[in-house]
Amino acid sequence: MDELDIDAVAELDLDDPVFVEGLPGVGHVGKLAVDHLLEELEGESTLVRRVYSREFPPQVTVEDGVSELTCAEIYAVSPPEGRDLLLLTGDHQAQTNDGHYVLTSAFLDIAEEFGASEAFALGGIPTGELIDEYAVVGAMTEESMREDLEEAGVEFREDEPAGGIVGVSGLLLGLGARRGFESACLMGETSGYLVDPKSARAVLEVLEEVLEIELDYETLDERAEEMEDVIGKIQEMEQQQQMDVPTDDDLRYIG
Amino acid sequence: MDELDIDAVAELDLDDPVFVEGLPGVGHVGKLAVDHLLEELEGESTLVRRVYSREFPPQVTVEDGVSELTCAEIYAVSPPEGRDLLLLTGDHQAQTNDGHYVLTSAFLDIAEEFGASEAFALGGIPTGELIDEYAVVGAMTEESMREDLEEAGVEFREDEPAGGIVGVSGLLLGLGARRGFESACLMGETSGYLVDPKSARAVLEVLEEVLEIELDYETLDERAEEMEDVIGKIQEMEQQQQMDVPTDDDLRYIG
Amino acid sequence: MDELDIDAVAELDLDDPVFVEGLPGVGHVGKLAVDHLLEELEGESTLVRRVYSREFPPQVTVEDGVSELTCAEIYAVSPPEGRDLLLLTGDHQAQTNDGHYVLTSAFLDIAEEFGASEAFALGGIPTGELIDEYAVVGAMTEESMREDLEEAGVEFREDEPAGGIVGVSGLLLGLGARRGFESACLMGETSGYLVDPKSARAVLEVLEEVLEIELDYETLDERAEEMEDVIGKIQEMEQQQQMDVPTDDDLRYIG
Amino acid sequence: MDELDIDAVAELDLDDPVFVEGLPGVGHVGKLAVDHLLEELEGESTLVRRVYSREFPPQVTVEDGVSELTCAEIYAVSPPEGRDLLLLTGDHQAQTNDGHYVLTSAFLDIAEEFGASEAFALGGIPTGELIDEYAVVGAMTEESMREDLEEAGVEFREDEPAGGIVGVSGLLLGLGARRGFESACLMGETSGYLVDPKSARAVLEVLEEVLEIELDYETLDERAEEMEDVIGKIQEMEQQQQMDVPTDDDLRYIG
């Protein structure tokens, strides 16, 4: 296999689509968000590209005995109302620094092929503590995008994210800008310890405003409740053991 | 040396052969199984290809003073009865993620060259505890293979192997499927702590059914008994030291 | 993106310029020094090249919400008096051994393009203890440079730096020499625990002599004072906790 | 710089030379041995090739203030009596698995260019304990070499070296054999904790026999005595601290 091996599963004419990325990352926020979009827009979405690459781990997933080679998938969504979308999902990021450049370039090539010139990278920003109010922190390629994003509820902060944005989300902005893409990264606050459907919902509510689409959150809220149960049980166990309130340090990443 | 350097040691016409992979992995199950096949079918097998690669460790093995460069070997087997076979054995897997893709692609090229369109990847699946009854867990590229494999004793489980299949075994399925290969991975249950000839036997018994071949297990059973002796001695030592039954945690990987 | 992607931001004729490198390293000495040069010579400097590369981390920085893809920048400086300069600054070094060779070669290509045949690599040399008198240790590509550098205050020591010079500073000398560059590395002594503006000043004072330029140090001295305050507070905290003088071991890297 | 950059420093006609490798490794035995050869044969040796490579660390060495880019050097030796030699020395091995293949191939290209078809890789084999009698363990590419080597004092052992031979020494045999080189690896026993001039002498004494050359060992013996002093001082310190004999575990690698 070459470094990249892209299956053109279907061709489709889209009208000025917006590219939306949701690969795994902090709190799985981006992946939860895009997978929820795909679930909600299932009737209007078509798998158009599969991206295989030597930059992904050398791995198949196995579901009920049937294997699938690791890949990223891009779906085209053409809803009756609102903007056309290209949704990127997958189970893995690239495994090397170099690989992030290679894969993000490939994703942008595909986005361009379908006529996109705007992109959103969805992800999480770790706060280190459990969260009540989920803010969505933003980064953008051009100052001119600030007003619209702030109106949709995005916060821009002077010093965040402190270490910049790493991986495909970061490069989607960085490499995208060099090709003329207007891109933003929407990062839901999340503890960093847990898969966080509530943070994904916060990110999606921003996206609803920006893209003028409407989403139902029932299935995502169910997942959030399941996670609450998990957290509740952990806290109970901790309390039985220690007879005092658990600290954040007691929590590990739970997916 | 180029990334790949393949010696065509011999040419041979095979009739629709099945490609069987047995490189080192969990419990050395796959390697033990293919090496036993080679031992049993010695009279009917011919070394046809040696695959050298910069993806293997930079190493020679030394046996009785004579050095051999690390490589993988492919043997053609044309038994009087049953299917023709191509058997892949070797002492190493690739050393990088990328290398697994490179080497598996090379192995599939050779398999195609000899007319193969089916493949079995043999390996172990770790259970974390010593085993009495050795089940063989399967993964397959196509749902249509399920019935035949289940009849041969393979179990397909909803959630196993949990993390998918990594390395050459995984890619043999994943990359093979993309070329039209019907492939399955046969994983013998094994503790994960020990070289496990019994698990290899369980895998081979499935293969006997599927390929309609017959094998003698005397030498493999001898190796199993040697391993039993090793385990027995360890348990004895543990008991003398602790005067209670050793737990799995007391065992380390012993080869 | 290719391995290298260089933006020619501006073209400019320079007269036998000197190339000066200041990427991050021990005590951030080199970066502080070149960034101070850029600040002082702002009116006379022009950004001429941006170097993007897959060898840099896959990352954007975010300042007040706006993202910038990681890159190195080269500025041309043409002061009314003194030598023309090419100043290299950036936030990252290459992420692999190989990458240091690739990037340094690219930097030297650009230096040659602008007519440079001399280079200075600025950096720090760790002493492991807090410093009162900041010596500047040197390394040079040609013995003939010794006298001038010693006159400017550089010390050449028999056994330092003990492990040689690693990264872009080292290769600027090593690869530069192979292209006929006369290069020197100026290493300010620094504890190695702290961002060290005083060490950067010591290095710049040597450079002033060599290049016959004049610099004002007000802003750098302010940064040095801020660092002194930080050190003072740490020492206070230590004393309150331990009621004895902190050792160097109590200090961690503080930036 | 390309992956390889080879300076042809001088050309020289050699008569069927033997290639001898001595890059750093266990106990620095190989490097000590080849460097001693170079010292003893100084009057008859000529530097013919410098090999620079991105596979070496990105580093310059600095001696008395003057920098040199990391490289490997090949010297041609044409003694009045005995075989012509090509001696390979340097301060570093390749930094990646892949790099060992690249560099060893380059070294063999140069050896072929000068007409060599035999090679010796010199190194150490770790025993884990201090040594009185220094045996030299061998590995060879062809069984036919055994008799001559055994006569010269080489021991071939059934199970050693247990893990094979890794790095440039291993590949010199492995890749060399594939080009028709008759090669042997001569490994002096050494504790593995110390730079070991005595082990280097043992290896050279074998080489004297095989190549029919004669060497003086004065300077190597001096280095051995210096090491003895170091060991003695360590043992003294240990005894003062513990008032009992130091074990091998008390020793660290000292160079």
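Chains here go by letter, A, B, C and D, matching the order in which they are written, and residues are numbered from 1 within each.
Keep this in mind: a contact is a pair of C-beta atoms (placed from the backbone, for glycine too) under 8 Å apart; a residue touches a chain by one contact, two chains touch by 3 or more.
Keep in mind that what you see is a predicted model, and the values were worked out from it rather than measured.
Touch-path distance (fewest steps) from chain A to chain C is 1. Here chain A and chain B face each other with different sets of residues for the most part; under half of the interface numbers are shared between them. In this assembly, the chain whose C-alpha centre lies farthest from chain A is D. The distance from the centre of chain A to the centre of chain B, with each centre set as the mean of the Cα atoms, comes to 38 Å. We define each chain's centre as the mean of its Cα atoms; on that basis chain A and chain D are separated by 53 Å. Shared interface positions of chain B, defined as residues touching 2 or more other chains, are absent. Chain contact topology: the protein chains form a single closed ring, every chain touching exactly two others. Chain pairs that touch, as defined above: A-B, A-C, B-D, C-D.
Contacts from chain B toward chain D in the complex involve residues 1, 5, 52, 54-55, 57-62, 64-70, 95-96. Those residues of chain B that touch chain A in the shared complex are 94, 97-98, 100-102, 104-105, 138-143, 146, 156-158, 160-161, 164-168, 170-171, 173-175, 177-178, 185.
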